[in-house]
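Down below are the structures I want you to see.
Common to both upcoming complexes is subunit A, partnered first by subunit B, then by subunit C.
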Partner chain A sequence: MRTLLIALWLFASGAHALEAAIVEKLAFGESDEQVAAIAALVAAGDEKAAAVLQALAEGELQTAGKSVLIVKGEEATDAVTGAKVAPLPAEREDVIANNRLRRELAGALAGLKLISPQREIRLAAAKELAGGADAAMLPLVKKALEKETDAELKSMLGQIAAAMELKDGSKEARIAAIRMLGGSNNPNTKMLLLSVLEKGKDGSFAEPDEEVRRDAQASLRAVEGRLAWGERLGILFTSISLGSILLLAALGLAITYGLMGVINMAHGELIMVGAYTTYAVQNLFRAHAPGAFDWYLACAVPAAFVVPAAVGMLLERSVIRWLYGRPLETLLATWGISLVLIQTVRTIFGAQNVQVENPGFMSGGIEILVGVVLPWSRIVIVLFAAAVLTGIWLLLTRTRLGLFVRGVTQNRAMASCVGVPTPRVDTWAFGLGCGIAGLAGCALSQIGNVGPDLGQSYIVDSFMVVVLGGVGQLAGTVYAALGLGFANKLLEAWQGAVLAKIAVLVFIIMFIQKRPQGLFALKGRAVEG
Partner chain B sequence: MKRRNFIKATVLAVSMAAIGSGGYAQDKGPIKIGVLHSLSGTMAISETVLKDVTLMAIDEINAKGGVMGRKLEPVVVDPASNWPLFAEKARQLLTQDKVSVVFGCWTSVSRKSVLPVFEELNGLLFYPVQYEGEELSKNVFYTGAAPNQQAIPAVEYLMSKEGGGAKRWVLLGTDYVYPRTTNKILRAFLIKKGVKESDIDEKYTPFGHSDYQTIVADVKKFAAGGKTAVVSTINGDSNVPFYKELGNQGLKATDVPVVAFSVGEEELRGVDTKPLVGHLAAWNYFMSIKSPANTEFTKKWAAYAKAKNIAGHKDKPLTNDPMEAAYIGMYMWKQAVEKAKTTDVDKVIAAMGGQTFTAPSGITSTMDPKNHHLHKAVFIGEVQANGQFNVVWKTKGPVKAVPWSPFIAGNDKKKDEPQGKTVIAK
Partner chain C sequence: MGPIADRIASAIARLYGARGWSTLAAFALVLFVMFPLCNLVVPPGNPFYLSAYWVTLVGKIMCYAIVALAMDLVWGYTGILSLGHGLFFALGGYAFGMYLMRQIGSDGQYRANMPDFMVFLDWNEFPWQWWNSDQFWWCALLVVLVPGLLAYVFGYFAFRSRIKGVYFSIITQALTYAAMLLFFRNNTGFGGNNGFTDFKRILGIPITIPETRMALFAITGATLIAALLLGRYIVTSKFGRILAAIRDAEQRIMFCGYDPIQYKLFIWTLSAVMCGIAGALYVPQVGIINPGEMSPANSIEIAIWVAVGGRGTLVGAIVGAGLVNGAKSFFTQAFPEYWLYVLGLIFILVTLFMPKGVVGLWSQWKNRSA
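And now, the complex of A and B:
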């Protein structure tokens, strides 16, 4: 039935008024009737039909009493006649598409768009159809294939047509179709080839011919090989992404704990302060500069550095300074501080999570292979982590403050003797570490939840990274973060998230037993008492 | 040992006496109501509004003269998404504050944690959230859905032509008792329907998990083997990163629909729902349902949220299924107290069976005379671009709850009534 209708459409031309009955069925009918109406509209094939389908797909189709309207903003046109309707009827109801209808709509619209003069539209339509097209679309696809001149589109359309012809058609056509499919890297192709190789309940194959099955087997291997590469790339990326988050969370601690030796249990809470600063900046932008909302991060990043850094310097001056060289007291004091910070934030912002919205450019992702999508938010965070790392490295190796920090770390007494103001260097270094924790909070706010307890979930991870990497070494922190990222993601893909977490923890405990100084250790350093 | 037992017994006796005598001493004073919902931690995203809607119902009842001429006085505590703390707070409510009834809990692990306390002290708990069944206590009324009122119909819908005809299933959940049990039931159900073991993939993440990259990528990979649907029993704030990841990775509902049992209007508040259009949720109530009772309910909530300055809701009031269940629970308790003419726990329990209430979901909700569960209509909704759900399927009328799922071995012998209920104290 539908094949016939589409074939009819291929020959139909010109603009005739849409049949009211069909449009009414689309708007008021049960879903079976709606599906039939979509097919009928595809058959009508003119611009008005396409407009009605497009409107339904975008949720712009509404009903008012008995009439069906296409409503765009404040303007409405009658779906049947195309006449303007003014004023807008007050009582309107949306025509709502469910998944089944949306699937049909996407296919129908893609079919209609295959012969568009613009290449991008044709490409999008072909991609849509490649995801699984109805066999009824075959004549449409073949027609488009004949007309197509673009090489890439031609091969895509070829694959789509091949997929459709897989089930029926002569033996030669089937073999040709299967060989054609072997060049695809679409996960749906695998599904299709598997269906050829499937055995029925009585033990007979879905595909009766032995030769065709052999070809299908070979094509399947080729497709699976390519898909496996996509998968490996995916794991690589997620590992780097997790590693970069661990790195950001741990970098600040690598300075306060690694270089300065302060067991800072409030590190997680400084991350949280950074995240809340981002939230506050976001709210300011929303209230005062909604037009520039997409750029709020440009202000949030410096603010998320400065505020926690200030908090950190205040803490160092008021509490931690008096406890240097007394690790147990430091641990208890900073833990107390962390509770104070959590409660303060709870009092100011409330106990519930707050929402930090991503700027527009950070939502969505880029598809590097079919089925492998790298989300922009993760890419931005990986780059951000790299930038922060570079910044710290430059600061520690190229500036006077960095020189002092290294000097004080390696030999406090000697540094003091040659005139380094060690107490002031301590304050600055601690502020720096806390500021970096704040930057981590800013990054985390973009992908996770922001609540008063945010820091608690990162403090353990941060310590794990720093201890594993070796106290006192930035390079160790980097290797440890990436290494843990990889270990976690590989294990997660293999054994699930819960076991992966446990396994990583056990691994670290064993490793620290064997090598207490971590991956990298400073050699011959005068340890302070 | 002996001494400990003696102390235990004494404490028990004293506290029981305290409850008993409390009832008489306060006959003229206000009736105390315990509210036991997490207001901080991972579950706060879901539970905070339940506290608010319970307080709203109490305000309403008080405005109309209270119960039997006595005002209701709420006692709100925060168990902070900390399961052992739930038990402590429950004990505090029952023994120190001497509340007549407690409305509370979301996760099953918190309910399991307070259950021994309520049974020991003979308290009364109204639990407003859908759960996995496998439990019947005389001290608890379950106003949320049992598996046959939510999970099973949802899976049946996804199997149907209308729902996409799914052949492969990813059962994805947070790692605790509710998702584990629900998935056990669903697995048995699917296998009975002819789905192969290899076509079912069960996955769990810890509470508060925030990195769903691998999971979403795995779902994609699994979906390459046939038409796949995902059943999500992820609970709490993990849902926000999960749905963000779904949107970012472009997993569309037309290809792989995700049906969730613990995600409603409130959980999607902070998420951009445009990429999520078409993903599903199964509940017994949606805010978008059109019924006079619902119009009134949502209006009241909007006004209350504005008056009480409830964060988020004062600008964009949202209602959801557990809120409705909590609201129904409060009114049914009131009716039962009025019928029993006392707040005495055993008498109220006896009076609860058969209570009816015009639910916002558009049906008349009935408390089963025996099994402590509500008869509920089931709705399946698709996420819309505005964060609301559009009902795409519903049952013809209310469905009786089956807390002992027939898909778990041995349940056919269990009675559809809590034990020890007939005991009348005093």
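And now, the complex of A and C:
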């Protein structure tokens, strides 16, 4: 019984304690011996070895007589057994790590991180190595690869290993590595494969073997194809994102223009008012309910609708109502309103841009490929635009107000004759349009800075959406907004942002030659619409 | 009297009555006699001395007044509200600015034989837009041709597809916006954000000396008067009546057998050319031109000058340009933060309460007292 216990104890200590000889070599040995000791510790690959190396790297490894200690403040543990040593021996000496040793240590530590039990640490280490790793790390990476169970990490490590093999491995190893790399979606891999195919100054290839080069070509094509797809997906997403923003900005404008035939030049400023309302709500939450900060949008969205809607209804009653039948004057008057609104906001909030913070769930994003990240804030905005669109569609097709709005849009005189209170419909519809502008502002505040000039930068774009889409049908606005979003982003990827914008504007000018009333115009027989 | 003299006499009688002509003469007297005397002859310190600031300010406002006249012809008389007239103004300015940039010669900061911004961008030769730009006559031609041609082509397409009303306004706004973006690019070849500035000479004469300034001032004044008379000549002719008819009932004039497109196109192009000339006069006096002049906000402001003065009266356009810009230079110096309020309220109140502008107020008041 007693012998059994002793055997057990010996077994246990064999697993949990380090071999004393290695640690002693590390502490007392010559430089070469130390390097060998580091390699041995890495090969041991357990937590205690990591602790010793970490301590050495941070200058916490000390010797006292024959024993090696890890000293943290006033506490010391024996490096070999891991037992607490108390009291602290008075005579201690630091183990000095020279430059060569430090280099070895850094690599060793990175390698050890790869076999850490925590997934995040492994992931971080793998990402670091994916950026470019020393060939000496290869055995470590291979070792980690054997132990790894997580599928994502396994493929990452596989590629890291392949990248290393590419430099030093045998021909077979190189070919295997290159085939392995063909499955990668990392832009660095592309560079790596290109370097294989590179021609030196004397015309000879960096990779002497023809077969390897052929494989590299094939892998390169595969990687490039995958990267191109990632890029396309990215463009697709940003197009939809821009389109939904344009849609939000233009929806309200399309409603008011369709209904009353007036262009509301203050529309952009109502977007800005919505954004500042969001900002104010955010500040209130931060000041009075920091715990519920993540939920401030639940309050900000309704507020960003109500405040601009109220402003809009007030404007309709006080200014626009008196200018009916004079659309050009309305345009000028609403421009005046926009100037007053800009200056009012400047006076209240200052001329500087303000920052609206995203709630927690909207920060970060989904990484679909290396370097192609879809930010949550933009995804939420796309969904938000869809929700607003659905809401408006329901409002226009399923409610009495919607019925009236459609009736007045189609034929004001007739609607009035059958008893639709057109002035009241005008007020409500104008309020609705301005409220939607406010929602657009709320959305914009989540992806950019909020400043008094915010509206100005969207006004021309949202006019273009209305001009292109025509009025009277939501579909026109939707198609126009998404179409412009795509056109802008595609041309942008090709020719740069400014030329893209100019091309789109020129296209619209050409387009309305063909269809002066926009994509989806209500058909009528009048000479003038 | 010969037939030609007869026609001239009748034209003179048609343009203005005796009071109109004498007012114009008084105006010319102030511009061509009082200003040069008070600026050049009267010594500084004398209460009658006019400083360079005033000469430049009034010169600038007269350029704006020409633009307002041009705007009034298309908006007040023909009913086409353009929100892109700033573009034609700026194009004229840029065309003439090219010549002024070439006149700097090698006196720029880099002492090179090219404009500074080109040296900065590391260009070795002039881009094609600058061809022949060291010739005064060529640039003067461009001042007329570029805005005129652009307006003609744009107007042809727009009027042909019967774009009108707010749609037309929005499209012109998009046009000037697109042009602004284009000119902000360095690669467009016109100095990017900074545009043209630091002019040294015009026709070999230093541009900053008082005599040059006064000469430019006088030329601007003469152009303004000529533009006024030309406008008056047009609106009092049969042609002008058709323009007004297009404004009031385009359908009807079409059904009467007129082709409104030709009329609109002519007045639209003429208006753009007038803006271009105004821009060319503006640049040497103010000493800078940049893409900011093409911003949509600037173009809308032109409309309000006309609205303040009174649409459909040429004098009103001049009065409006003077009043609004006078107020602007006063407020932006004295109370900068209130200027936008003032401008915004002008937009709102004038459209609500003064559909005929300041000139209209005068006649309203006269009718009431009579």
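Details
We adopt the following convention: the second predicted complex is superposed on the first by the 384 of 529 C-alpha atoms of A that agree within 3 Å, B and C clash if a C-alpha of one lies under 4 Å from a C-alpha of the other, contacts with A are read in each partner's own complex, and residues count from 1 in each chain.
Rule of thumb we're sticking to: a residue touches a chain if its C-beta (ideal position, glycine included) is under 8 Å from a C-beta of that chain, and two chains touch if they have at least 3 such contacts.
Because the structure is predicted, anything quoted here is derived from the model rather than measured.
Once the two complexes are overlaid on the shared chain, A:E60 sits clear of subunit B and of subunit C alike. Contacts of A:K501 after superposition: both subunit B and subunit C are touched.
Once the two complexes are laid over each other on the shared chain, residue contacts for A:V467 go to subunit C alone; subunit B is not touched.
Once the two complexes are laid over each other on the shared chain, residue contacts for A:E128 go to neither subunit B nor subunit C. Using the contact criterion defined above for the overlaid structures, shared-chain residue A:I512 touches subunit C, although it does not reach subunit B.
By the touch criterion defined above, A:S338 reaches subunit C but does not reach subunit B.
In the superposition on chain A, subunit A positions 346, 498, 501 are in contact with subunit B in one complex as well as with subunit C in the other. Note for the complex: subunit C touches subunit A at residues 75, 81, 154, 157-158, 160-163, 165-167, 169-171, 173-175, 177-178, 181-182, 184-185, 251, 296-297, 300, 303-304, 307, 337-338, 340-341, 343-348, 350-352, 355. Against subunit C, in their complex, subunit A makes its touches with residues 257, 261-263, 265, 319, 322-323, 326-333, 335-340, 342-343, 346-347, 456, 459-460, 463-464, 467, 498-499, 501-502, 505-506, 508-510, 512-514, 516, 527-528.
Of all residues in subunit A, those touching subunit B in their complex are 31, 59, 96, 98-100, 102-103, 106, 131-132, 187-188, 190-191, 194, 227, 231, 234-235, 238, 241-242, 245, 346, 350-353, 355, 357-358, 363-365, 367, 371-373, 375-378, 447-449, 451-453, 457, 489, 492-493, 496-498, 501. The part of subunit B that touches subunit A in the complex is made up of residues 39-42, 44-45, 48, 78, 161-164, 175, 203-206, 208-211, 213-215, 217-218, 220-221, 223-226, 237, 240-241, 244-245, 247-250, 253-255, 257, 269-270, 272, 275, 277-278, 280, 311-312, 382, 384-385, 390, 392.
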